[in-house]
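Below you'll find the structure, written out as C-alpha cells, and then a few comments.
Labels run A, B, C and D following the written order; every chain starts at residue 1.
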Amino acid sequence: MKVGFIGLGRMGQAMARRILDGGHELAIYNRTPDKMRALGDSGARIVGSVAEAACYGEAVFTMLADDAALEHVAWQQGLLESLPKGCIHICAGTHGVGIIGKLQAAHTQAGQILIASPMLGRPEVVASGQAGVVVAGPPDAVARCQPLFEAVSRRVFEAGSEPAAATAIKIANNFVLGCAIEAMGEGFSLVRKYGVPPQVFYDVMTDGLFASPAYKVYGKIIVEESYAKVGQMATLGLKDANLALVAGEAVGVPLPSGNVWRDRLVGAIAHGDGGCDWAVMAREQARASGLTS
Amino acid sequence: MKVGFIGLGRMGQAMARRILDGGHELAIYNRTPDKMRALGDSGARIVGSVAEAACYGEAVFTMLADDAALEHVAWQQGLLESLPKGCIHICAGTHGVGIIGKLQAAHTQAGQILIASPMLGRPEVVASGQAGVVVAGPPDAVARCQPLFEAVSRRVFEAGSEPAAATAIKIANNFVLGCAIEAMGEGFSLVRKYGVPPQVFYDVMTDGLFASPAYKVYGKIIVEESYAKVGQMATLGLKDANLALVAGEAVGVPLPSGNVWRDRLVGAIAHGDGGCDWAVMAREQARASGLTS
Amino acid sequence: MKVGFIGLGRMGQAMARRILDGGHELAIYNRTPDKMRALGDSGARIVGSVAEAACYGEAVFTMLADDAALEHVAWQQGLLESLPKGCIHICAGTHGVGIIGKLQAAHTQAGQILIASPMLGRPEVVASGQAGVVVAGPPDAVARCQPLFEAVSRRVFEAGSEPAAATAIKIANNFVLGCAIEAMGEGFSLVRKYGVPPQVFYDVMTDGLFASPAYKVYGKIIVEESYAKVGQMATLGLKDANLALVAGEAVGVPLPSGNVWRDRLVGAIAHGDGGCDWAVMAREQARASGLTS
Amino acid sequence: MKVGFIGLGRMGQAMARRILDGGHELAIYNRTPDKMRALGDSGARIVGSVAEAACYGEAVFTMLADDAALEHVAWQQGLLESLPKGCIHICAGTHGVGIIGKLQAAHTQAGQILIASPMLGRPEVVASGQAGVVVAGPPDAVARCQPLFEAVSRRVFEAGSEPAAATAIKIANNFVLGCAIEAMGEGFSLVRKYGVPPQVFYDVMTDGLFASPAYKVYGKIIVEESYAKVGQMATLGLKDANLALVAGEAVGVPLPSGNVWRDRLVGAIAHGDGGCDWAVMAREQARASGLTS
C-alpha cells in the first residue's frame, strides 16, 4: 500500500520501519527533520508538510505524543483539510476518548475515515515485531488496512467499528497496569513493615499468580528501587491516569482504584519524584507509611 | 519425621496426604472424624484429641479455617498445653497477624516454637505438589522441618525468623490479587460502556502484560459472568480484605487500594452476591456504573 | 466609580443591581439582551459589545458561567484587547486555577490588572446584601475597588495579591461542602440500615456539632428526598469536584475525599440522576448500599 | 429513681453528678475507688462490686471506655448475672454495634432490658447540662427512664426500640465529624499551596455554610496547629473510624469517606502523631502534599 506517516518519535520510527520492511511505500513527515533521515536512507519518501503526507496514499498514520499534538496536526497543520475523501486516518497514539470522538466527527463530515489503532508495547517491542495492536473503525477500512496492522504487530485485536472502543481498551489496559503497580507498592510497604526482604515477596508474587511482565518488570524496579532509570515517567503516568478517569466520567463509570493510582502519583510528584519512573508510586506509598528510603 | 496434623479440611487432607506419601509418620485429628478415614486407610494414625496429635511427634501442623478455630484449638482444646517443650507448631492456615503474634508469645513462654507456613495455591494444586509455601520461624526449627515443607510444596519461600513475616506475605499476596480483580472489574466496566466485547479486552490483557493465572482465571470468570461457580466466596474475600487492612493498621500502612477492594465486596454482599465467587466484584462495579448485566 | 459588567445571569444581575444601588455608574453587556432590560430601566447603560463594557470605566466585572465562557469573552470577544492599560478586570465567577493563571499572565502583559473575586452565596443571598466575597489581586487595585466589593457583599475576605488564591479559596470551600454532603449521605445510609428514621439523625446532627446551613439545608433535602427541586445540579457539582481535583493536581495536593465526592456524582449521573440536585449523592450512596429509596 | 452507675471516668462522673443532683438515689462503682470519693461525699452510695451496683435499683448505667471494658463488666464481673429480671441496663458509652447486639441478646435471654444511650458532647458539656443523649430500647423501659435521660441532657433524641439504632446514630455522628475534619484538612492543604493564609480560609468557611462548632473548633486547631493540646487523641479517632466501618460492613454499607478518614489517621500514627489530637489528620494531609508544616 501507499501510506503516509506523521510523527517519527521512537514509536513512530519503529512502526514506520516495519511498514517499510513489509514492502509498503511510505511518505514520512516529522516536525524535526533529523528523525526521518534513517528511514529516508532506507527508501521512505521524506515530505515537508502534514498535508503532503496526508494526501500521499490511501491512508495516513499519526503517531503523536499527546492530544495537543494530534489536535494541532489535524486542525492547524491541515491533515483534515488534505486527506482525500474516502481515505483513512490511522491514529496510532494513546489519546483521550474526547479527542477521538471529535476527530471521528470531523473526518466523517469530510467524507474521510478514522481508525484508532493504539499500540501495545514499547518501541523496542514494536521494532522486533512482537507488539500487539488494537484496531477499531469501519470494518471495510479495517480490512483494507490489515496488511499495515500485520506489518507493525504480532497480533491484531479487533475492537469493532467505533474508534473510541480501541482507545478505551488501550486506556483500560494502562489503567489495569497502573492499579497493579499501586497495589504492588502497597503490598511491598506492608511486608517491609513486617521485616520481609522485598525480594522474597517479589519471588512469591511472580512465581505463581502474577508470573507476568507487569509484575516482573515493575516488581523488580520496586525491589531494586531503581526509579531513576525511567521507562515511563511519573508525570506521564499521571497523564494516563487522567485519561482513564476522564474516559470513565464521560460514560458514567466511577473508577475508585484509578483515584488511588492518580493520588499516589500526585503525591510522588509533590515530593519531587515526578521525573522518576512511575513505579515510584511504591516509594510514595512507603513514604505515606512512614518508611524512609 | 513423626508429626501431628490438626485440621483435615480439603487443604489439610491434601497436605497430610503429601506428608504421608513423603514417608513421614503422621497422627491426624479432625473435629469431624469422617474426613480422616481415607488418610487412616493409608497408614495415618487417627487420634481422638488435639492433645494427642500435639504430643505425637516433634512437630504438629494446624490447617484451620480461621482465627477463631485456631484460637479454639490452641487455647481451649489444649494444643498449647500438650505440645512438649522444644517441639514445633507449624501453623499453615491463613491467619491474621494479631493471632500469630499472640500465639508466638504463648509458645515462647511455654518453651515451644512457632513456625508460620501459609500455603500458596488451592487444595488441588497442593495435592499435585505444585503449590508454594512461605515459612517463617526460628532458623533451626525451619531447617529441621525442611523435609515437611518440601513434601507439601514445589518451592519453599523463606521469610525470616518472625512467624508474622510469613503471615504478612500471604496476606499481601491475597491483597495484590484482590486489588487486581477489582481493577480488572473497573476496566471491564469501562470498556463495556464503549461497546467493547469483554472477550476482546480479556485477550488484550492476557496476551501481554498480564499473561498470568491471576488475570487469566479471574478475567475469564468476569467475561463469562460465571460467578455462581464459586472458587472463593465473596464473604471470604471480604475476610481477606479485612486481614490486610488490620495488618496494615497494626504497623502504620494505609492501604487505599485495599479500601476499594473491601468496599466493592461490601457492596456486592449488600446486593445479595455474598455467596458468589469474589470476582463478583466486577458485577458490583458494573452495577455502580449503571450497567445491568 | 464607573464600571463595566459582563454576564447578567441570575448572579450577575444581583451583583449589578447592588452596584447600581450603591451609586456607581454601570455599563452592562450580556449575550442575550433581555436580561439587561430591568437594569437598564434602573439607569444602567446597556452596551452592545464586550469591548464597550471593557473600556467604559476603570474596572470591568465578569460574572460568567464557566471557563469556556470566560475564555471566549477574554480572548475572542475582545475584553483583553479593549480594556485600557491600568484598568482592572474583576473576575467574579467560579473558575479553575488554570484559566485564572493564564488570564493573569495575559492581563499583566497588556499592562492591565486582574482581581479574582468569587462570590460566596447564591444569587438571592447576594441580592439581599448578605453574601461574602473573596478578593485577591494587587493590593492597590483591591483598595481602589473596595467600594464595589462592599456594594456586593456583607463581608470582604482578602486573600492576598495572587488572584489564584481567591479562586483556590472558593474551590476549597465548595470542596468542603461537597465532601460534607457526601459524608452526610453515607451517614444517612448507615443509620437507615439500623432502622433509624432519617429525621432523627438529622435532628442529632444539626442540634449540635453541625448546626450550620451546610448541614441544615442539605440534610433536609436528604431527609425529604427532595432531589427534584434543584439548587445546584449534580452535573454542575461534578464540575466543581473536577475544579478541585485539577487545582490539587496543579500544586501537588492529593484530595482523596474529593475522589469520593466525584465518584458518587459520576455514579449518580450514570443512574440517571444528573439533573437532580447534587445532594442526590445521598441517593446514589443508598443505591450502593442496596437500599431502594 | 434508685439507680446504679458503673464507670466513673470523666464522663461517668459528670453524668452521675447530674443524676444525683436530679434527686435520684445512686449507687456507684468504679474499678479505681478514688474517682468515687467526691460523689460519695455528695450522697452517692459507694459499692464494692459491679454486682452490687447492678442490683441496687431498677436500672444500672454503664459508662465504659470501650467494648472490652463493657464485655468484662457484663460477662466477667457479673452485671448480667446480678441485674434482677425486669431491670434495665442503660449502656451510655460509645460502643460497636456488634457488642450491643450480643449484649441485647444476653439481656433478653436473662429477662432483663437493654437501653443504649450514647451521650453527645464532651464531659464538661454534660456537666453543664447542655449535652444531648440518644436513646433506643423498648418503649416502656425508655419511658420509665425518661427522668434519668432528662437529668443528664438538655435534649433526648429517641431512636426507636432497637438499642443498636442509638449506637448507629452515635457512630454515624462521629463519622460525619471525622470526615468533616479530614475534608477540612484537605481544603487547608489546597489553599496553603496557593499562598492563602489559613486564617482567611477559616474565616470564609465559618462565616457562612460552616458556622458550627465542628468547623469552628477543629478549624481553629488546624489554623493554630495546636495538635498537642489533645481533645480526642488520634488513636481514639481511629477506634471511632473502625467502629463506623465495622458497623457499615455489618449491614452492607460501604463508607468510602470513612476509608479516607481512617487512612489519614493510620498515616498520622505511622508518622508519630498518634498521641496528638485527631485533627492532626490535617498535618498528615499536609505531609502527603509535600508541605512541611
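The criterion applied here is as follows: a residue touches a chain if its C-beta (ideal position, glycine included) is under 8 Å from a C-beta of that chain, and two chains touch if they have at least 3 such contacts.
Note that the structure is a prediction, hence the values are computed from the model and not measured.
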item: Equivalent interface to B-C, taken from A-D, A-C or C-D so that over half of the residue contact pairs match; value: A-D
item: Greatest separation from chain D - chain, by CA centre; value: A
item: Between the pairs A-B and A-D, the one where more C-beta pairs touch; value: A-B
item: Chain A-chain B separation of Cα centroids, rounded to whole Å; value: 37
item: Centre distance in Å when chain A and chain D are each reduced to the mean of their C-alpha atoms; value: 52
item: Set of chain A residues in contact with two or more other chains; value: 248, 251-256, 263-264, 267, 270-271, 288-290
item: Contact set on chain D toward chain B in their complex; value: 238, 242, 248-249, 251-256, 259, 262-264, 266-267, 269-271
item: Contacting residues of chain A [partner chain B, same complex]; value: 97, 120-121, 132, 134, 155, 157-160, 162, 164-165, 167-169, 171-173, 175-177, 179-180, 182-184, 186-191, 193-197, 200-201, 203-205, 207-215, 244, 247-248, 251-258, 260, 263-264, 288-290
item: Chain B residues within the chain C interface of the complex; value: 256, 267, 270-272, 288-290
